[in-house]
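Structures are listed in the sections that come next.
Both complexes below contain chain A, partnered by chain B and then by chain C.
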Partner chain A sequence: SVTEIRSGFTAIKANIQARDPIRTLSILSYPHSLHKVKSSDRCCITHHLFNFYVDKVFKHCKTEDSYVNRKISSIANSFLSVKRKLGQCHEQNKCTCGQESTEKFKQILVNYEGLNVTSAAIKSLGELDILLDWLEKSR
Partner chain B sequence: DALLPAPQNISILSTNMKHFLTWSPVIVQGETVRYSVEFQGEYEREYANESWIPICECSVITATVCNITEDISATVAYNLRVRADVGARRSEWGTLKGFFNRITTSLTPPLMKVIADGYHLLVELEDMGPAFQFCVLYWKKGQESRMQQKVVKEVSSVIHLDAMEAGPDYCVKAQTYVEAINRSSSFSQTQCVRAQGNSQSVWL
Partner chain C sequence: SGELYCSLPNPRNVHFESVNMKNVLHWSAPEGTGDGVVYKVKYSVYGVGKWIRKPECRNINRTWCDLSSETSDHEEQYYASVKAFLNGMCSDWTETTRFNPLTDTKIGPPMVSVSSTEKSISIILTAPEKWKRSPEEESISLLQVYPGLRYNVSVLNKKTKKRWWFSVSNTTLVVPSLEPGTAYCVSAQIYVTTPFLQSVFSEEYCIATLKDKTA
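Up next is the complex of A and B:
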């Protein structure tokens, strides 16, 4: 659940964000904040983002700290559990993608691929609170 | 050196979202055997090359039990394994037969204390951790059809249920609900109290 993801992330947030030296760039919020996404597009963006984190981000976030690795595993497995549920919505056409959300997600991928893979993954993980805040606000 | 046998009888004890891995001791005469535990979630199996993650609180321990609650923090299927070490000798991994998913945890009814504080019907619930919510049912004895319900999302202190009339008994029972696995416990035993001038309570 989002609550458990939040508590797992809070435990390692400072550690992960300290590993991200590039403070001037954002993966999720450039050029527009997630909060600008229309409510009709929220499900689609959420579905895309959970796939993005599971497929691309977590596997490149391994650290030398076993406690941090365990927390990343907790978050990743929680994301996988939520991703499955969102996948069911998507299959039942309850999570359709409009033009705006498609563009927004493309931009996130452009931001991600603009950095080397480890930096991009660590930065994306460090921005989890942006995603979680947006998810909780748009509930 | 004879090969060290892998730990056997590996099993999970899981009650109220607290999960423990246990195994039978490996016996080596005159030696202290130590054990190490690792876990693997569905994410690791499907997206991270089937990697395993060590639980440092259960690395080179002499106990034959490990609290894995903090690591089993998603509702997915987990693999768990244990190996033994004696000096430089190391066993193969013993792996839990089948997966463990926290959705199978056994949920027990909550401990509950019903208090009649003058004409106020109060209940005190056991704090079982952040994952737990409670459904409390209460009714005037003999009027089960007019049962009322209160959902308690956070246990902080005594919960006020209702104002009572003098005379009849008022009865209460409660169950837990865990949103993360979408399951509830069975109900606790029913407890009844009666409004009185002074405070009266039953703790069961």
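Up next is the complex of A and C:
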């Protein structure tokens, strides 16, 4: 659940964010904050973002710290279970994607591909609280 | 003071202390430096390119700087940085970790007001307000910021020392079936499940139920 993801991330937040020296770029927030996403597009962006983290981010987040690695894999597992639920919504067409959310997700991918894969993955992982804050606010 | 070369030790433990989103940057003086050290402060919004100087915290000798105004958008995240100067020498900039006002603030206890009848007490709980620049500015309750905000309430019978606990989300709680003419003390705490935040308990507010008129 999101609460499990939040507590897992809180345990490693300082460690992961300290590995990201780039202050001037955000994967999720550039150029516009997630909070600007229209409520009608929220399900679609959430669906895309959970796929993004599972398919692109977690696999590139290995560290030399076994405790951090364990936390990352438990976060990844929680993402997988939420992703499955979101997939069902998507299949039942309850999660339509408007043009704005498609554009927003494209921008996120551009931000991600603008960095080398390890930096991009660690930065994305360090921005999990941006995603969680947005998810919880819009619950 | 001109910056000759930066061999001064760095300020230490540069961090935000935040209560109800009043966000104040704190630090400790560089090791081994006595009086006379002054500081400059700058901050940046995470994901935005530039550092911004804080003029009111330029060449100050205190070791804190209120950045509440600059960090008031709790949907953004921030870094702040401090540089020390002494006798023409300077330190490097020393940064905070990434500061997220939403998850890194401490929440103050709720306000509690109580009233009573013969056999019940009514408790009204009010969440603190988010910090604001001036009294004229619109107030934002932390209830609006944290939709999942709840209250833990403790009610103590002063005579029997029996205590009840309640966990509520609405702001009014009526405790029925109490003893007439008895003192009860109420204390309350705020908690948010995600992100996990928990205030200290408020002070105790005591009130007596009215005496039984028929007795």
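Everything below uses one rule, namely that the second predicted complex is superposed on the first by the 139 of 139 C-alpha atoms of A that agree within 3 Å, B and C clash if a C-alpha of one lies under 4 Å from a C-alpha of the other, contacts with A are read in each partner's own complex, and residues count from 1 in each chain.
Everything below uses one rule, namely that contacts are C-beta pairs under 8 Å (C-beta built on N, C-alpha and C of every residue); 3 or more make two chains touch, one makes a residue touch a chain.
Fair warning: this is a prediction, and the values are worked out from it, not measured in the lab.
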{"item": "Partner chain(s) touched by A:Gly126 [first = chain B, second = chain C, both, neither]", "value": "second"}
{"item": "Contacts of A:Arg6 with chain B and chain C, given as first, second, both or neither", "value": "second"}
{"item": "Which of chain B and chain C A:Tyr30 touches, first, second, both or neither", "value": "second"}
{"item": "Shared contact residues on chain A - chain B and chain C", "value": "3"}
{"item": "Chain B - residues contacting chain A, complex", "value": "39, 41-44, 46-48, 53-56, 70-71, 73-76, 78, 130, 179-180"}
{"item": "List of chain C residues in touch with chain A within their complex", "value": "44, 46-50, 75-77, 79, 97-98, 100, 102-103, 147-148, 193-196"}
{"item": "In the complex, chain A residues that touch chain B", "value": "1, 3-4, 8, 54-55, 58-59, 66-67, 69-70, 73-74, 76-81"}
{"item": "Interface residues, chain A side, partner chain C - complex", "value": "2-3, 6-7, 10, 14, 17-18, 23-26, 29-30, 33, 35, 126, 129-130, 132-133, 136-137, 139"}
